[in-house]
Every structure is written in C-alpha cells, then in structure tokens.
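For reference, the structures are reproduced in the following blocks.
Next come two complexes built around chain A: one with chain B, the other with chain C.
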Partner chain A sequence: MNQQIIKLSGAEEQLKALLLAQGKDEAATQFAANGLPTRRIEAYHYTDLKTLLRDVPSALAQANDGNKAARSEFAGTARVEIVNGELAGDFDLEGVSVATSANAASGDDSVVLISEALVGDTVEIKVSGELDQVLHIDRIIDGDAAINADKVTVEVADGCKVTLLETFNGSDAAHLGLATTEISLGEGAQVVHLQLDGNSNETRHFANNRYSLAADSLLRTFVQHTETPLSRTVVTADFNGGGAHADFAGLNLLAGKQHADITLNVNHLVPNTTSTEMFKNVVHDGAKAVFQGKIVVAKDAQKTDAQMMSQGLILSERGEVLVKPELEIFADDVICAHGATCGELDENSLFYLMSRGIPRKEAKAMLIRAFLAEMFEPIEVEAVVKQLEARVDSWLDDREEA
Partner chain B sequence: MVAVQETIDHVKEIDVDKYKYGFKTDIEMDMAPKGLNEDIVRFISAKKEEPEWMLEWRLDAFRRWQQMEEPKWARVDYPEIDFQDLYYYAAPKSTPGPKSLDEVDPELLETYKKLGIPLQEQAVLAGVEGAKIAIDAVFDSVSVVTTFREELAKHGVIFCSISEALKEYPDLVKKYLGSVVPATDNFYATLNSAVFSDGSFVYIPKGVRCPMELSTYFRINEEKTGQFERTLIIAEEGSYVSYLEGCTAPMRDENQLHAAVVELVALDDAEIKYSTVQNWYPGDKDGKGGIYNFVTKRGDCRGKNSKISWTQVETGSAITWKYPSCILRGDNSVGEFYSIAISNGHQQVDSGTKMIHLGKNTSSRIISKGISAGVSQNTYRGQVSAHAKATGARNFTQCDSLLIGDKCGAHTVPYIESKNSSAVFEHEATTSKISDDQMFYCQQRGLNEEEAVALIVNGFVRDVLQHLPMEFMAESQKLIGISLEGSVG
Partner chain C sequence: MTTPILEIKDLHVKVEEEDKEILKGVNLTLPAGEVHAIMGRNGSGKSTLSYVLAGKDGYEVTQGEILFNGKDLLEMEADERAAAGLFLAFQYPIEIPGVATMTFLKAALNAQRKSRGEEELKIPEFMKMVKEASAKLEIKQDMLKRPLNVGFSGGEKKRAEILQMALMQPSLCVLDETDSGLDIDALKIVSEGVNHLRAANRSMLVITHYQRLLNYIVPDRVHVFSDGRIVESGDRELALELESKGYSSFDGHAA
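So, the complex of A and B:
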C-alpha cells in the first residue's frame, strides 16, 4: 500500500493539524500515512472510524467555569480527580502515592497513536498497601467541545490489594475523549477495576485499558458503555506470571443510534494462567453493539484455561449485535472455549409472566433486569451496583413501548 | 471397531513422505505454453470450441483479474506464487472422443485402478447391493469418460463435463454460470473464471430424485499445471441430488496451484448434498511441495424450502483456503456445513463456512471439527449473518479443535452478525487436547497409545462422519488415520 495516496478526511486533517500544533511532528506524519482505521483493519472490522468519526473538535480541552461537568460522588471512597488530563487537588491516603510525569509512549494503532501523543502528563498512582477504601479516579472533561487525552497508570506492588473505580464525566458538549489506563499487578496483587461511562450524550469516547499480571495475581475488570453516541474500549491483558487469574466483564446497553465496541485481547503468555470473559450486549432502536474478544495462548502457555461467553439481546427490529469471539491457540495442553448467543426475549418467559398478571412492558423489563443481573453480581462495591441498577431502571423507563 | 483397526494399520504402514497416491502417469499431454495472457485465455476457449459469449466472459474476467490483488487475510503463509510460471491448460492426448471404456488409454484406466475409483459397475462397493455411482473423472483438466450417462438420461438428469454442457446446453450454462459466484467474486474465483479448463455440470429436472450418487474424482498430474475446475449443479424444483467429490494427486516437488469454483443452485423444495474428500499431496515431512488449494464453493438456496448441505473431509494439501457457503435466500431454506479438517506436518488450513440468512425462517447448522498435529496451523473461519429482513433466522454452530503435540496451532475466528431481533444464534467452540484421563482409560483397557488416539479421534469426528455417504465414510476413516501418521509419541 502506497502511503502517499491516502486522502485525508476533514476529521483526519483536523487531528493531524492538532498533532502538529502540539509539536508532535513524528506522530502527525505517522497518522497521516494511515489515517483513521477503516473496516479493512481487522481490529476495526465493525467500527469503521473513517465513517463514524466524521468531525472532531479542533482544540484540546480547556477549563471553562461556565461549562463544568458534574462530578461523580461515591460515599466512602478516596477520590482522585483528573480534570482535562491534569491532576486536580492534593491527595493523601496511606499506602497510595500519586504523581505526574511526561508521557513518551506511542503506538501503531491510529487511535492509540493520537491518544498517547496528545497526553501531556501521565497520572501515576502507586499502591503499596492493602486498601480497604475504594480508590475512585474521576476523569473529567470541562469546558467547550474539545479533544481530551488523559492517561493513568496504576502500579500495584507485590501482595497489595486495591479496588479501583474509574468514572468518565464530561461537560455538556461534543467532546472526543481519549483515555488510556495502564495497570500493572505485582506478584500476588489483587485488583478490581471498574470503569463506568458517564460522559454526556454527545461525547465520543475511546478508552485503552492495558493490564499486565505477574505471578499469582488476581484481576477483575468491568467496563460499561451506555451513554455516549460512539464508544470503543480496547482491553488488553498480558499474563506474565504463572498462577495468575483474571475475570473480564463488559456491557453495552444501547439505544437510539448509539454504536459501542468492546474489543478484548487476552494474552496467556506463560503456563498455568486462567481467565473468564463475560460480555453482554443489549440493543434497542437502531443501535449497534460490537464485541470482539480474542484469547491468545502462546506456544509455551500450557495448562491455560480460558472460558469466554458473549450474549446478545436485540429488543428492536433495527438493532444489531456483531460479535467475533476468537481463539488463537499455540499450546496443546489447554482448555479453551467460547460461546456466543444472540436473540430476542423469550416469548415463553414473557407469556409466563403475563399469564400471572404482569403487564407486558413490566414483564420485559423484568427479563432484561434478570439478563443483566448476572453482570452486576460480581461487582462487590455496593454503591456502584446501586448506580448501575439505577441506570438500567432509567434506561428501561426511556424505552417507550408496550 | 473394524474401521479403527484399519486406521491403525494405515498409520503403521504409511509414512508422511510415502504418500500413497504419489505416482505419476506418463501420458502424452497436450499443453498450452507457460504463462497467462489474453492469448492463453483465447487458446483455452478455442480448444474447447466455446461460443463467442463464453470467450468474452473469460476475457472480461481475465481483465478484471489483472486489476485484483491477492488476498492476504487468511492465516496461511506461503511464498509468492508466480502466475506466469504455470501451465494453464493440459489435456491428455487421446483418440478423439472415446465412446466406451475400451477405447480409453489403458494407462489411464490403470491410474484410476490405483486410485481405487470404482469406474466400472463391478467396482461398486461390495455390500452396497444395487447402489450405483456415476463418475465424471477429471484427469488433469479434461473429462475423459463419463459413465452411467444413459441411465441418468432416462431420468432427464444431465451429468457431463462443463465444456460439453457449453456445447449442448448453452442456454442453461449461460443462465446459471457465475450467478452464485460472480466472475469477479474474489482473486482466485476470477482467475478460475478466466482460465477454467473443465469440470462437471449437473442438471436435475423438476421433481426428479437423482437415481444414484454422482461422483467426480479430480487429480492434478502434469508438473506445474494449475488445475482450475468449474462445477455447476442446478437442482430444479422439488429435485434431489447427492454429489461426491474426491481428490488425490501424485507426489510432486513443486507446489501446485488448485483454484476451483463450485456453484450450487437449489430452487423451490430442492435439495443438494455435496460431499468432498480432499486428499491432495500435503508436501513432504519438511514442508516441501504440496498443493495450494484455494477454492471458492458457494451454494444458493434460491427457492423456498430448499436445502444445501456441505460435508467435507479435508486431510490433504499444503495450504487449504476454502469456505463452502450457503446463501439462504428462499424462505424456510436450510444450510448445513459439516467439516473435518486435519492438518499434520507443515500443512496450513484456513477453512470454514458462511451462512448468509436473507429469507424468512431460514436455518443453518455448522459442525466443524479441526484436528491439528505436527507443526501445522488449523484455522476455522466462519461467518453467520442475519440480514434485517431475515425474520426467524436460526443458527447453531459448534466448532471443536483437538491439538495433538505442542508445536501446532488451532484457531477459531467466527463472525456472528445479527441484524434482526428474531434471529436466534448459538455458537460454541472448544479447544483441547486428548485428555490424559481418556488416554489412561483406553490404555488401561489394553489399547496401546496409537490405538487409543485413533479411537478417541474417530469418536471426536463421529458427528461429521455420519453425514457422509456410505462409500465415503470408510475411505474417510482410512484417510484420517493416514493423515495423523507420526503424530503420536
């Protein structure tokens, strides 16, 4: 492919200009050579950004007192606030240190490339104790429509334990959010990482979550897309030490013209690691939900056990669920499986409920809640479960039909 | 248990580099010069005495092909093919138009005998009393002899080579050729459209249940000849046909290219069952040589209540790139895909299916069993999609992989696309090795390691084997044994 013949779209020109304005000449050249990913790139098979991202804001986010995002509050949590990519306020909690440093990372993938290039400072969190309190990282975009790139790295020391709750909040404007999160787990570390999408319903949200797991570490993750018109979270996990285990979960709960994509890459690189993956898609109206999950078992990663499940629920005529669960296996002594289902609500179950006097709408809501309950159960943070359930309730109330 | 014993015997007696069908028949060949250009396309068309429109069709495809790029997305790895370094036409020279088997070159018949093709009636498998198989044998590129033609003709069934069909039934061919796999469908299908030399043509008239299983044996023989067959099967309203295709090729040093196109058309209430046993030369134990098998197979369930069923046993070829698909256009149509893909040595398999649900209440079923051994790579790549109007679409997919040895790879890449709320899709995939428990259980009961593996593997593929016609089942079981040779211990 000749790099010169790509004609950049308006949005691509805008992004290139922004990179140049930030003094990221190298990234600008690299970006201009490839442009935004199209469906020809396998990882973007169902999320063609050349067509989905036709316009982007022209400047980086800047604080503006007139247009502030709501802050999420969760009782009993220790809060780290990051506004427009910068650490806001002081933080003092035993066993946790927070600092910033200049980001120098880059990437081949165009979205990763822009995300990394536009990050000013990385917020570095180091956990060196066993935290009882949930650590809440609130990532906020204030001000008028803008591009915001922020990055958080969390290093959890050997044998330490933490629950990380991340929220994304944006002011009421059409932002482009580019979030990077890197979490490394030391030997025997235990981490729960919950990521809630609370952006405005105009913000386009892209997240890259990367995990590295040392021996005997334990990880549980959850991502959710419900709010924004276009969102994509790429979860990448590398198992680098034997005895590590991870549970990955995610939910796309969509309506209207929303498009959400969760792409998962689980790399079992060493022997004796295990994982489970559970992802659900619920679509209404003309929404489109994408789940791509790939489990890679490297050549020497014997005794790997990976179980992936993806379930789709289509509630309207025009809704779409597009799923690609992949297995890539180079070792023989492994147990890997994936399952995928897709369909509408079961008429028999509806009939059962209705025959007992429950109105159709309520019966449907009941079944949808039941479908989602399985997702929320392992999230042990009560405040988060309550908020998710409340979100589902309001989502169901908004769906007006019998 | 007899079959299992047979498998073991084969495993013992045959080596990877002692390919059973690796012999060469020396018959004078009528060949076109090496390379590919418009003149070669014209040469092939002239040799076949084709009508003008066919030549135009070929030339159009050739011109489009020149603009196309070779696809690179499959998980297969091979050196660049020099398309100018191949012969595109090779036909055995023989007396014009053999009328009966007596007139056929005895050396050819000897070849078939070695292949074990039941060409004559007495060769019809013992114990299957009364069963008859009609064979259209393709020796390199030209159909040499067609048996049972008369009996088929009594029922109105047309079974002949595609070049003959072009002469005798041009309207039928013109109507359906390229209607399922368009001339410009993909790189290899387009190449095939330009240079296809022969293949089979089957036409089952309305309401006829084809009285026997139809069968074709393909064989690539002359050095450096690409084999490009074209198969077209049309099942008219309410008809039924079962078609068997078996492939073996002699041993060769250089890689040979095989790019076939198979088109199936099932009209209202018609059913087509297409079975393949593919056992082309997989290359030697160092991965040298072997066939490149880049095939486009597609069935179109065009009519209501139609059904197309693909069954394949893939054990040969250095590289397999093959996705027999069903377009479920007619309401209530059914598509099936049963596959066993075995890779050993340096083989690479990237195979699967596509089930495209377009009509209402269509259903499909995919059972795929992949077995990888040696240093091979075995990929299942499939797509199931329901379009917005495919109300009531139903799919069940099961793809299981079995790994033998720690140097091979097994991969699963399914695309599941549902654009209709009433579509119900289920997909499950597993990958594992033969468990120690299973081995222990078998060995504890007195089977040795090889016997135990053969038993377990035969059990693993049983779901698919039982969908093969009787004649193929025995052969397939032997093939599985041969293919897994040397994978134990």
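So, the complex of A and C:
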C-alpha cells in the first residue's frame, strides 16, 4: 500500500470534498490516497486523467424534471428515462420489471471508486421474457454543469431475450458523467447492448460496462464516442459458463481536440467460450483515440476462440490512434488472434473514385463510410444504424477541410 | 479544322519528390472520332501517361501542356476531368470494400451530371441504363450487388470498367492495358463493348503491349512509345511490324 501523501490537484480536491459532503468518508480517504489515475498506472497510460481532467463541476446533479436536456427518441421502443440518476416516470411492459435500490458497491480504480460512491440509487431492471420491443434506457444529465453518477443493472433471466439501447444525453453544460452498467446474462439468454453517447460537446463522460455470461448465453455489444471532449468507456466481460459467445464492437469518431478511450477486458474463465472484438478509431485534426483490448484465457478455459481486430484511420497530420492489444493465455488448446491496422485513406482508392467524377470531399466521405460499414452492418436495430449513419454524415459535414 | 479532342505538347513529367524524369517530351494529337494505340514495352512510361491524363496525384509536370477539347487539362482536378468527359479504364481496377457497386455508379453519374449543371438521374432511369449496358457486356446482376470490384475476377473487373465507360459516355476514353488478364472470350466481349462506343465525337487512346488487342479494336494510328516519348507513328501496319520485329528495332534497346 502506497502511504506516500500525494499532492491533490484542484479537481481532485473538489472530488474529495464532494465525497465527504455525501458522507462517503471511506471513499474520500481512499481517493485522496491515489488521486486521479496518471499515466504511471498502466490502464491509464494513454489517458492520464490528472492532466486531462483539470476542472470538475462542484456539485452533484440534483433531481429535476429534466426539461432542459435533449432526448433521444426512437420510434417503437419501450422507454426508461433516468434523469440525474433518478428513475423518471412510470414503466409498464410485460416481462420487464424496473425498481431502485441503494448502491453499496466500491472499487479500487479511482474512476470506479467515485462512480460507485456517488451513485444514489441503482436502477434495477429484470427481464423475464423474450422482448420483441427494444428497451431504450435514456440516461440524462440535466441542469447546470454538474457531476452525475448513475447506475443501471440488468438481469436477464435464463432463456430470455432483450435488445437494450442505452443513450447518454444532457443539457448543454460541462457535466462530468459517471455511468455504470452491469448486465448479467442467465443460461441461454440473448442480449444486444448498444450504447450511444449523445452528450453535449462539453461533457466529460466515463462509463463502466460490466457483463457476466452464463452458459450458452449470447451477447452483442457496441459502444461509441463521438461527441464529448473527453470520454472513456471500460468494457469488462466475464465468461462464466461454457457455450457462451459474445461480439464486442466500438467506435471512436473524433476531431478537434477530443480524447476518447475504449478499454476492453474480456475474461474467458471456463472452457468452450468464444468471442470476437472489432474496434475502429477515426481521428481528424488533433484528436486522440485510444483502444486497449485485453483478452485473458484462464488456465481451465480450453477451446476458447477469441478474435480481436482494431483498425484506425488517421485523417490529419496531428491525429493520433493509440492501440494496445493484449492476449494473456494460460490454457494450451485455444485459438486467439489479434490484429491492428492503422493508416490514412488509401490514395489509390481515392483516385479511382475521383477519376469517375466524384469530388475529393465526397470520395473521402465514401471511403470513411465504407470503413465504418462493416461495423454498423451487424446492428440489427435499423433506427440505431440510421442514427449512427446520420452522426457520421454530420461529422463529415463538419470537417471543413475535405 | 475542328479542335482535336486531345493535344499533348512537349509533355515532360517526373515523379514528385524524385529527380527521375519519366515522360520526356510527348507530342500527340488525337482528332475527334479517331482511335489511337500507344504501344511500348514495360516501364516505357505508358501508364504514367494515362495517370497524368486522368489527374493522379504524385506526378509533376515540368514542361509542356495538355489540351482537352481545347481546355487546359492540367488545371483540372481528377473529378473535373471526368465530368468534362475523360475516362480512364484502369489496368488494375481498385477494389473498394464497403462501397456497393450500384451506389458507386449512381454517385459517379450524378456527381458528373451535377458538375455539368444537369439534374440527378431518377432511380428507375438509372436502373434501366445499368441493366441494358450490363447485359451487352454479359455482366450478371449479382456482380453489381457486390462491393466495388471486390471478389471480381480479372475479366469481370475489366468488363466493369467498360460498363462504367458505357454509362458515363466520355468524349475521351483512355484504355490502359485493358487486354491484360483477359482470355480470348473475355477479350472479345470487352472489345465489342469498346467498339460499340466508337463515335464521331469520341476519341480513344488504347495503351497496350501487344498487337493482339488491336485485331479487335482496330486503331486509326499507332504510336510506338519508348523511354518516355513517342519514337515512331504510323498506321495499323506499324503494329504488325512491331509484333514481328520487336521493340528493339524501334528504340535500339536490347529486348
């Protein structure tokens, strides 16, 4: 245990004060001992929060009617709205129950620690049927700039099936969002979990997504960062039962001075489980995208098959894509692979399109859309694909220099 | 006398950031309605000429000019050249995963129309055009459903190039080694496709190693290309002479 007293930054002092004000003395002490993670902590090597998170709002988001915040609307979905950490409105859908309970979880990682400590009530969702309708959970931060910690747990019973669409939205202010999502899949459960970030372009967004997979369950996930100046999503999955399969995907689509980090930890803990990982990073201007993907195959986890791919597209001289794939394999009868590519748009492809009369800017846009197409293709919720494509279009439109 | 479709005057070209000159004074006049062949050995600069005509980045014109329908071609970007009626059939058409062939064809045709101030094609009209043109080239509909050139055989790629050419109705067609990688049957289909496009207001520049292609696409003039320039020009007989004597009798280099 490191007993050295570190000098806290202004932001760290503020976070500590907030923890104390919430009566979280233990968490405050633990946080003060470590501060925000720096590059010396391996998991944060490319996302040094002491440097990147220099100012934080002073107050927690207070319960309100959420009127100032933008919403994501998806026709035909069943909607659960969480405003400033509190469940808003009634919810009635067969096969789904929604309740709240006090959160008591903690963590060693400083971001997890403050996220868990500042959560008031956890929103607990239980799925006990085969849902045809997409369950849309809109997590909203409303009001003036504030720190908002919210938590959603979803328990999908044995043999049950659900598509969860989570969106992050908020009022136009420099919030700090700390979102925790835990999804447990029962035996043979099938879950699609899509997480779209639609926060204001001043909000700093941190998400922790944790999954546990029982035998024969099937999971498909997608996370995306496009809007906020600083974001980090940590995806952690534990395979606890044989025959389970998961596909993990994610996208950082960045410009300006944005910094976004997707960190993935996939733990194959038992025999006969499989996974694929597909992550893409597109950067323009001086943006920085980080992908860290770690696949662990435990000693007993024979017959694991895991295929990880990360691809980067750098559209400017100053843009950076930082990729760290890792395989930790303790079993001997497994198939694991990882690949990483990174580059500019292909000059020959660009010339080919232009030689057919397509102007440079449009040709580049076509190639960028093509780069992303294979990632959107498996997302079966048409409204989500449309929104993602629209986001890509507006992102492309915003790029002045073609 | 009417303006030639293409006039190349004393064209000198080097690769950007390199000192090596590749084209060393090319002179060529291509009148409307004529088909000219450029024959030369590997590395003589034939493909560079085709890329410079189409506007590929990475080349620097150090001297000379190119007039396309009387206008300065070198002032235009690649897409503007296409919209103005220049078409390059690639020796190696580029595979572009993630771009559906039909989407690409529609985007290209509409971009050209837009730059000429014409209205966008209506979808049924576009579909009909593609269907008719592809039938002539024996292109199956399922090929058009695939991503652009992805998984196409060599012959399919070349037929797809000619399909694009037929749809775009250019005034200048530059065919870069269109015969390479084609078997005799495919060569016939492609050549028929090209011959079908011969017209009084359209010119073609056919670049090839072999005289074989010229049995099918019969040129009005043949130019022998060597070491970055045209060393001999003549009628169709020149191609036959070249075939029997070899390039060395024209450029003095060993074969």
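Note that the second predicted complex is superposed on the first by the 393 of 402 C-alpha atoms of A that agree within 3 Å, B and C clash if a C-alpha of one lies under 4 Å from a C-alpha of the other, contacts with A are read in each partner's own complex, and residues count from 1 in each chain.
Here is the rule we go by: contacts are C-beta pairs under 8 Å (C-beta built on N, C-alpha and C of every residue); 3 or more make two chains touch, one makes a residue touch a chain.
Computed from a prediction, not measured in an experiment: that's the story for all the values here.
Bringing the complexes onto one copy of chain A puts chain B beside chain C with no clash. Judged by the touch definition given at the top, the superposed model places A:Gly10 against neither chain B nor chain C. In the superposition on chain A, contact of A:Glu374 is made with chain C only, not with chain B. In the superposed model, A:Gly256 makes contact with neither chain B nor chain C. Applying the stated contact rule after C-alpha superposition, one finds that A:Gly312 touches chain B and leaves chain C untouched. Residue contacts after overlaying the shared chain place A:Gly76 against neither chain B nor chain C. Chain A has more of its residues touched by B than by the other of chain B and chain C. Using the contact criterion defined above for the overlaid structures, shared-chain residue A:Met366 touches chain C, although it does not reach chain B.
Using the contact criterion defined above for the overlaid structures, shared-chain residue A:Gly23 touches neither chain B nor chain C, since it reaches no partner.
In the superposition on chain A, contact is made by A:Met354 with chain C only, not with chain B.
Think of it this way: put the two complexes on top of each other by chain A, and the tightest Cα contact between chain B and chain C is 12 Å. Chain A contributes residues 42, 45, 299, 302, 312, 314-344 to its touches with chain B in the complex. Against chain A, in their complex, chain C makes its touches with residues 54-58, 77-79, 81-83, 87-88, 90, 93-94, 96-99, 104, 107-109, 111-112, 115, 147, 164, 168. The touching residues of chain A, counted against chain C in their complex, run 346-349, 351-360, 362-363, 366-367, 369-374. Every residue of chain B that touches chain A in the complex is listed here, in rising order: 73, 388, 401, 403-433.
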